[in-house]
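After this come two complexes, each holding subunit A, first together with subunit B and then together with subunit C.
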Partner chain A sequence: MTTATEGTRAQGLRRDVRRLGLFTAKRLLALFLTILVGVYLTILIANMGGRVDDLRMVQIQGEVSEMVRGDPAFQDMPSEERNALVQRQVDLEVERLRLDQPFIVRSFDYLHRAMLLDLGRAEQMHSDSGSRDVYDIIVERLPATLLLFGTANFLVFFFSVYIALSLSRRYGSMLDRSVIALAPSSAAPAWFYGIFLILLFAFVLPVLPSGGMVQAPPPENPLHYALDVLRHMLLPVLAMFLSQIFISIYSWRTFFLIHSSEDYVEMARAKGLPDNLIERRYILRPTLSPIITSFLLMLIGLWSGAIILEQVFNWPGLGTLLFQAIGHRDTPVIIGSVVIFAYLLAITVFLLDILYAVLDPRIRIGGD
Partner chain B sequence: MAVPLLSVENLRLRYRTRQGPVEAVAGVDFEIRHKEALVILGESGCGKSSLAKALMRTLPRNAEPATGRVLLEGEDIMALDEERFRREVRWLRISLVMQASMNALNPVVRVGEQVAEPLRVLRGWSRERARQRAAEVFDLVGVSTDFLTRYPFELSGGMRQRVVLAMALITDPQLVILDEPTSALDVLTQASIMNVLKRIKREQGTSFILITHDVATSSELADRVALMYAGQIVESSSAAEFFREPAHPYAQMLMDSVPRLHQETRPTHIPGQPPSLLEPPSGCRFADRCPSRFNLCDRDPGAFRKGDRRRVRCWLHAGGSQLS
Partner chain C sequence: MGRFAALSELRNYPSAVVGMAIIAFLIALSVYTVITIPYADALDKWRGGEQWRLHPVNASPVWADRLTGGRAPETQVVSSRDAAIERQPFEGGERLHIPLQVNYQAGDFPSEMTLFLSAEGHEREPFARLVWRTPDGRELALGGTRVATQDRVSISQDRSLEQRLGLVPHIGLLATPDSEPGAAEVLTGDYELTLDVILFQEDAGFEADLVLYGRVHGLAGTDHQRRDLMVALMWGTPVALAFGLLAAVGTTITTLIIAATGVWFGGWVDATIQRLTEVNMILPLLPILVMVGTLYSTSIWLMLGVVVALGIFSAGIKMYRAMLLPLRQAAYIEAALAYGAGNTRIILRYMIPRILPVLIPTFVTLIPTFVFLEASLAVLGLGDPVLPTWGKVLNDAQSESALYSQYYYWVLSPAFLLMLTGLGFAMLGFALDRIFNPRLRAL
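Presenting the complex of A and B:
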């Protein structure tokens, strides 16, 4: 009897692992194709299907003849010779940029480089360490954004899920109703709260810095450095927390209310299981996929709001970078950050796919 | 006389609604002896599922706490606090097969684990020991033990129903409440589930409360029948008496409405609607639809004793001694 049940159990486990592997491979392939198509479309659109090349030809022509004409060494050259020189220089430049090849051939070369995150060089901007590579510029700003928005999101997420779960048990109570009444406070965006918080805690009551990520000059000691960053994070995190928390609690509470009236939850209650086990295994466990989905999508979604918030708090993150890049009309930086964003989105979706399969047997086993 | 397994006295349950309180269970008395199967018959909305919920204390949010006495082998389990009720009564002594048992299984937990869960949690058994017991009850209800490691969505409706039944039997409770266990299943599956129940009753000596609106299926398992109408039990008697010669006019009309094999006349129906439980009539609740109505019916009839364990809530049977 024992060996028989052990056998079926091991068999079940093996079956699950095999299916999980197959599922992962399939999703990875599908996602790779999606990115490929997406990035290629971006290249086609950004180059206007090759029409940008004509503009570039004109630009090269103009630049070269300007240069040759402006050079005193070529001043007394006969005009035919000078034209021939210009033509040679233009041909060289065209060959260097491979504009003599058809656009369609080069577009695949661009695709190849974009897929390898070779994002080219910025036109005007450079990173703090002096690099002009778009990749370096963006990656340098990434940790600051991740730190700030990651912290705020984790706080909002865990607080709201925890509070919502307990509110859903006290449905209709005074506390429940007051949280619901506060939900419209989220109509104002985080930067709106940010302005008031800066006013309050940096000027009326000057206890916290009004912006930036670290004081100047930065502290030498790594511990002091971390503490100083933390101090600078306090207000922006608080601003995001205030603007998100109540609506988040509200929607999770409704979500849990719906899912705690499932038949299997009532069954678990009738079975005499303690409340915390019911919450863990019968409410949270079956609903984990939507919870995690909305968590990860919120993480990505907040980046679009980062531009204003980072401006308000003068935070050196991706939002500020994008703002500056738009101001300088630095196209490679703008396109580069779009490509990085696309990659992050794709990674998130892949992560979600894997998590779904791990969390929900209906997806994992229905996979073949 | 031995102490009955379960005796319910004046059980009442009210729901708060926007229109006012609704008394879904309005003073119900009955008892079940050991190894007995009681069928609670009644039409939709008569309060029979509320009765089951009140007994298991799995009430929805808008219900007020039930009042009355519920004695399990002489001990008043209504007086127990929530935590003691959960630890000592739920599932260990009384278990439940829910009405919507198709959805009663957690979709993301293997059925074997779910079935074994009460033993692991309430009795603190080891995983292996609980698993073996789960395999035993799977055998008992006729589901292959291969399915222990499956998820609910991999099982057919009939199999899920059997698994839910296995879950109700795993702690070897004294009483199993079955709330319309077969209402979502096709006739063949219904029949095979009823056969499983009969076998379990014979072999394990478990007592059952079977709640149903299906007169035909209920007759297979019943030792005793309690007929509910508008929140009250209008007749309770042995199954043989009830099906042969029902006493209450509602019971008589109900039996006449059941189609039978070898029957010359057409089955009849009961005209009218059950009364609203928002404002139940002060007299007999069936009076408006009753063909034998007379002047006494404006007053509430008590339950009249008729024979040893037979009770009828009707003035026509007032010859017996009155209980309440």
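Presenting the complex of A and C:
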């Protein structure tokens, strides 16, 4: 008897894993195609009508003639000869940057390399370790961004679910109503709160640094280094937290309230089950999927907000990198950042899809 | 429940009333702004330059100073047109004695002192000698100068005067005798700057304006280019509202039409739209806007176009699709088909109007998102090149490190207006959500 039950259970587990695997493979394929289209669109937008090429040609011409004119070795050259030299140098530069091929050929070349994360070489910028590869430049900045946004998102996620649950229990109380009244404050993005926090805690009351990631020079001791990073993280994380927390609490409290008035929850209450159990098994479990969806949308919004928040706090992440690339008009870095942002969004979507599948029994059992 | 009953129900929500009051105020401010400062005027003013020469640099708002009990000076302009000029003609010229009287009562020193001189129609440049008289009877010779057609004597930057006084001139000239640097006190009373001018021509004009630049100015203060921030704060309102509204209308309507088309035709049309939505989801909006802004133009209209274009296949499609799907089999649509209504007619006249009321809250909460998006772009330095907007004021403030220099008003006033806009629409939107959303009504 017991072996038979165990047998079915093992069978069920195998079926679940198989279906999950199938689902994951399908999602991966779909996302791969999605990224392919997305990246190609990015490349097309970046070079709509060849404007970028024109900009780069002007820049190359300017730089080369500046260099030739500034070089004392060419001072005595007759102007025709000098112009010919400039033209030769420009041609060489054009060939080096592959600007002589038609755009459509280059675009597929770009796409192929972008998908393999071979993002080319930067025109002006270089990473702190001196590499000119866009990939190196971006990867160097990625941990800072992930650290900041990961921390803030997890804090918002856990705090808001916890607070929303306890508020839905005390529905209509003073605390509940004041949190609801605060929800519209999330209309302002994190960087906006950031400005106020900097004003308050870095200038009016100078207790925290106004920007950056570590003090200069960075502390030698790893422990002090970590503490210093933590100190610099406090304000940006707080800014993100403030701008997201109330709206998250509001929307999740609404979910919980709707679901806590379902018949099966009333039934569980009537049976006299403890509140904790009701919350975990009867309210939280069925509402997890919509929670994940809204969390996903929030994450996507936050990635975009990253650029300005980092710029306001001078945080050395991807956003600041993109901003610097704008200043240098370094097209490969700009396109590379957009591609990386697209990848990050796709990974976010993928992870949450998988989570969704694990949580939603319909996907495990229903097959499709 | 009728649609109007729903709207009148708004009165029961205090937050909705406050939100509507804020929106009404912003709309009134926009209308007033557009009428009092015409568009061309605003652009011209915001370009800056000579027209602002009588405004102080980085002066804070008057009310901020008065509220904290300060008596900081406002800008005083003393013109020779109001002065009692003595004229003494002589052979081949004229000698003018111009007393420019200043009654100085403020509790702080001016931020700068400049004398603007204009001598129109002279063949030979006139010569002016300046003497400064204090209320306690001291006299200080400020030297002499030849006067070009349009000339300015920057008294504050007179290095030799600074050495003689031991203090920066605009402080030293108005301080009590024997003031120490750093602890100078204002001597209030009647000052006089006397100009002795020799003209080498009898009938030509000569004018002088002494400007004691203040430390406070108007309701909004001024920026590093002497521009009155009021221009940008006021003009930022219609720009922000127009951008937010147009972007919200553009994205909502197009998304709705696309979603309805997909639901109505089904099949590959629907599938394509769904796939495009997924592609759109991973396209990072802000980086793309940044890219377009750097590579093409930062015109606000181009940005609006890109926002709408990228918003067409936004995540909202999934939500609208869920709402529209049950409508496909509705009896009234069958009836429309029976009388021979075409596809376009069914989509535009039968399906979309049906779900519009549910969209109103989403639409209202969407507006501030776009207002902040525009401000975000401006803060990144990708604001419209000519239009004065709140975001551009913030950007200027940031690049001039306003917080570090303690020009808090420069950051706080545009931020306050942004916050007001965000709150107004969000409060109304949240209340509308509770009225129109049946699931929330029961709570």
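We adopt the following convention: the second predicted complex is superposed on the first by the 283 of 368 C-alpha atoms of A that agree within 3 Å, B and C clash if a C-alpha of one lies under 4 Å from a C-alpha of the other, contacts with A are read in each partner's own complex, and residues count from 1 in each chain.
In the analysis below, a residue touches a chain if its C-beta (ideal position, glycine included) is under 8 Å from a C-beta of that chain, and two chains touch if they have at least 3 such contacts.
Predicted model, so just to flag it, every value in this text is computed and none were measured.
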Give one of first, second, both or neither to describe whether A:V312 is in contact with subunit B, with subunit C, with both, or with none. second
Between subunit B and subunit C, whom does A:F158 touch in the aligned arrangement: first, second, both, or neither? neither
For the overlaid complexes, name the partner, subunit B or subunit C, with more touching residues on subunit A. C
For A:I198, is the partner it touches subunit B (first), subunit C (second), both, or none of the two (neither)? second
Return first, second, both or neither, reflecting whether A:F108 touches subunit B, subunit C, both chains, or no partner chain. neither
Between subunit B (first) and subunit C (second), which does A:S210 come into contact with in this model arrangement: first, second, both, or neither? second
Just checking: does A:F32 make contact with subunit B only, subunit C only, both, or neither of them? Give me first, second, both or neither. neither
Which holds for A:I258: it touches subunit B only (first), subunit C only (second), both, or neither? second
Subunit B/subunit C common contact set on subunit A: 171
In the complex, go through subunit B and note every residue touching subunit A. 56, 58, 61, 86-87, 89-92, 95-96, 98, 100-101, 103-110, 117-118, 121-122, 128, 131-132, 135, 145-146, 148-151, 153-154, 164, 167
For a test of understanding, state which residues of subunit A touch subunit C in their complex under the given definition. 30, 34-35, 37-38, 41-42, 45-46, 48, 51-52, 55, 171, 181, 183-189, 191-192, 195-196, 198-199, 202-203, 210, 250, 254, 257-258, 261, 297, 300, 303-305, 307-308, 311-312, 322-323, 326, 329, 331, 334-335, 337-338, 341-342, 345-346, 349
Within the complex, subunit B is touched by subunit A residues 1-2, 4-5, 8-9, 11-12, 171-172, 262-264, 266-274, 277, 281-282, 285-286, 359-362, 365
Within their complex, subunit C touches subunit A through residues 15, 19, 275, 278-279, 281-288, 290-296, 315, 365, 368-369, 372, 375-376, 379-382, 394, 398, 403-404, 406, 408, 411-412, 415, 418-419, 422-423, 425-427, 429-430, 439-440, 442-443
